[in-house]
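Heads up, the next two complexes both have subunit A, just with different partners, subunit B and then subunit C.
Take a look at the complex of A and B:
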């Protein structure tokens, strides 16, 4: 604080007005910095407290209850114990992580490819950059209507093309079979997530100094070598932070699965978040649903901490503060 | 030179971009094609890529099938704008505090804000429902605005803070030393300088608010007149039949206003959003 005022003081004296204003500052009644800061942060904090923190506390409380439309009764850890022995729940967790791993990997790989393509010095790239953004701007629920249609066996272009080239005999319903429904939902999830990842990678690539490339080029390094040895290490911090962000989004991805399959067929697309919603909202089992919600929070919390640790290491290694 | 490509490489780059864009734009293309086909034609088997009876009929019929369609489009934009406005009112002062001031629990409270990013509304729906009921917000616009604001505040603070940190401190300090109050400095010195950043963050918040209305709308609002477009579209699924072609037409027309806004702002948005991600 004093430093800053001192810094300001230099500016004032530089303007040739040595009228002793700095003494005025110390005498003037100024709001203490920390009080002012909390006045600024307070409203946002209060809002979050009411709309997020309090419901979260409620969720934790409800997870120890047998709760439904009828009322609440304390049952200790029973909701959790039930989940720990449930094979179905284990499968859901495994499926969720598989879903997250596959979808995030695809988003990162496609994002890297996309960003590299859009970074190439070819005419028209400005237009291409705009054209990749609609999946991100359009509401997810509306994009999914398009995908519902694409995946339809009778009128979708995918099944139509498959029939025309002889891949299938009749109409193929992408969302009707366990395997195909799961991977179809992944494709849609990747579709929603790719524009943002591409955009951030592209910006990071443009931030890499040209000198590095030119030096390597003079030394005779080819494109692939430059990509591997300059681009990737230089944008590594962005890759790591984007993978954390997309992992959280993908883990929480609800609308896509709900609109495409509602978690079916036979639970093939039921991830943790869909399971939570189905239990709590679909079946009015508030206690059991809350226990699942708490597990989601714990898993994501642990996951984020691990990631932040990794991010820190990566940033140190690549010399970013 | 270094950036020179051979003819073959250029062809390869364009081909790859074409494949990439096909993946991105295919659902919209499919929606457009479906909107052009008369209803009785849609279900014709085997699949036909082209037909002679394409028409824009659905684009006029849709307003009759779902009379509230215009209202839904308006609601979507109205809710998104309200969420954006309210979010910014909370975000601007908080982001300024995190960018410039020193105070107890600064890092801890920032971590709490960022922790909120880990949740989606879907996890907290039941208690959130009760909170909104207690506040008397169910089945009003507030039911869709208030949760939207809460889940966008953290992102907003994060983005705006990194923008504000890039603005030089000297002007503020000079004003402060000249006797301006802290609030005056924030209002008259910092905000005007931060206008481009405010546009970026505002647009990002708007897109978030526009994209995530569906869940809150179907859970917290039963009033038909107040539904936003993504929820209202499901009215094309009637008791007797689904007028798919009109549903597709409505979806495309419905997102048009926002796409136009986005086209105007995309340059700032891309530059500004990514500025925080790229450390110089």
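Take a look at the complex of A and C:
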């Protein structure tokens, strides 16, 4: 195949002729296929370059800088070295993974239970399907302000109920103590995340052929057996991909923590993303903040690769092409 | 050893009544086919026998025991689904072993039963594969294997061949008939395909709009259809039905077919009087090329080699189909005279019920 430019057009002369055709009849096209393909994906790639690649490159560049309001200075790997030895940063990473693990596990378990109930043939299930939506539909900030009131020691219903039944002697500020603040934030995060997980699981369950359940029922399989041996394997690919998505969302969950506790008390709810924000935006340390952001990208990247590998294996095992 | 008796089964979905007073006595080791058009209630009846649906009223007796209220697994039935209902994430072995795992059967016993079923169905070298790696016919066999391992009293099949292509369907028909002989089990089979019914059944139940039209052997249904519906449903191509006016009763029923052809038919004409309208049924394969008889104008001719299927009209535009010899001198657009033997004719009254034929071929067993 030869290519040449003629009068502004690229002319391709295809000399590799299929059999049964005379050699001098050459196929002519205005554009080679590969160039046409680049033209089609070009706008999308440009778009991605502007909103993803450029900010990412800028972040990586800044992570090698001592950068603040006063200007930039190249300091090599100093930002990373500092994080590498910082005990506080190690604690933040450990806390972030604990946060992610706990929250995602709860979302998956509650989502599975919720989807199973919503999938059951109970009267009024259409209504219930609508009723689980609000946590997802209400803007996160609004929902979190509601939770702030729930967790309030003097006006909150939780503290009030705890006092009324004698669990606490006086008002209990859920967000004022390290432990209770952390788990309160988890509860709110789960509350926001469960509806999406539930709906995805529900959709997957509805895709399972009814015949499979009937066949198993005729063979004597009970409810739990059918759930374990049919439902779970059949929706396994969705479980795996939902746990990846949910893990990424939870890892990067910022608004909930920021509105409830701003990462406190005493860093009890400071996850990596909150730490990054506090460093870069709160303290104007753009270089150190960028180093943290790069570490998030690397961690989530490795995490995603591992998951994609797992998803591939699961899809193979459960017969999805 | 398993008989299956249905006593006055009725089924309604809300206000829609889909089964009307169905009573059948199916004998041990019998292969019974429920056949009928879509929506006739045949699948619902099968699901009621399986225990997947509850009958509104009526009882199901298997081997003398009333199982109407029993769980499917306690009825001693197994079912093969139209979609095969194989578990895509389990191997062929695990699919076949599924009912045994539910029963928590000992490993050795289970292994033996799965391998025996696989051997019968020629799946031994496929046991490690997933259903997705099998052809349609092999998947069907896995589904059958899953029902064999349970040693059920009654096998239920819900249109098991309808997802297969025509050639494979023919092969599987033969395999299923052989399997029935090998297992010597009672089988109930649902299909909308009258060829499957005719070729495999010991006896056929023809269902129409939730009612049993007729229950009999394939040859009984062919030679002595009880109703116009059965007559037109059984046989390929379909029976021709021509309106006729009764012009005389006596030893034979004298009729004048639409189009003017007169015939004296040897049927029991009790309750029929002169001037009544009836319908005369003539099977396409029961006509001969002749000089006198029905005048047909031929519209379409299908030459299949061995036979020539001739489509045309008779009388005032009534469709008529004739199955003639392969080399019959017939041409599209021309007229044709066909001879019909009175002994081969069926007569149906205004309600669609048959008038008993006095002479009909002896039934082959």
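By definition in this document, the second predicted complex is superposed on the first by the 280 of 321 C-alpha atoms of A that agree within 3 Å, B and C clash if a C-alpha of one lies under 4 Å from a C-alpha of the other, contacts with A are read in each partner's own complex, and residues count from 1 in each chain.
Following the convention adopted for this analysis, a contact is a pair of C-beta atoms (placed from the backbone, for glycine too) under 8 Å apart; a residue touches a chain by one contact, two chains touch by 3 or more.
Small disclaimer: the values here were computed from a predicted structure and weren't measured.
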If we overlay the two complexes on their shared chain A, which of subunit B and subunit C does A:102 touch? Say first, second, both or neither.
neither
Report for A:176: first if it touches subunit B alone, second if subunit C alone, otherwise both or neither.
neither
The chain contacting more residues of subunit A, comparing subunit B with subunit C, is B
Which partner does A:155 contact after superposing on A: first (subunit B), second (subunit C), both, neither?
first
Pick one for A:37: touches subunit B only (first), subunit C only (second), both, or neither.
first
A:233 in the overlay: touching subunit B, subunit C, both, or neither? Say first, second, both or neither.
second
Taking the superposition on A as described, I'd like to know which of subunit B and subunit C A:214 touches: first, second, both or neither.
both
Where does A:317 make contact in the superposed view: on subunit B (first), on subunit C (second), on both, or on neither?
second
Which residues would you name on subunit A as touching subunit B in one complex and subunit C in the other?
214, 217, 320-321
In the complex with subunit B, residue positions of subunit A that touch it:
1, 4-5, 7-9, 11-12, 21-22, 24-25, 28, 30-31, 33-34, 36-41, 43-45, 47-48, 50-52, 54-56, 58-59, 62, 110, 113-114, 117-118, 120-122, 128-143, 145-147, 149-150, 154-157, 159-160, 163-164, 171, 191, 194-195, 199-200, 202-204, 206-207, 213-214, 217, 237-238, 241-242, 248, 252, 254-255, 273, 276-277, 280-281, 286, 289-290, 293, 296-297, 300-301, 304, 320-321
Using the touch definition up top, name the residues of subunit A that touch subunit C in the complex.
209, 211-212, 214-221, 225, 229-230, 233-234, 236, 317-321
The residues of subunit C that touch subunit A in their complex are 50-52, 71-73, 77-79, 81-85, 87-90, 98-99, 102-103, 130-132, 146, 150
Contacting residues of subunit B [partner subunit A, same complex]:
2-3, 5, 10, 13-14, 16-17, 20-21, 23-28, 30-31, 33-34, 42-43, 45-49, 76, 89-91, 93-94, 96-98, 101-104, 106, 109, 112-113, 115-120, 122-128, 130-131, 146-147, 149-151, 153-154, 157, 169-170, 173-174, 176-179, 181-182, 207, 210-215, 219, 229-231, 233, 244, 247-248, 251, 254-255, 258-259, 262-263, 266, 270-271, 273-275, 277-280
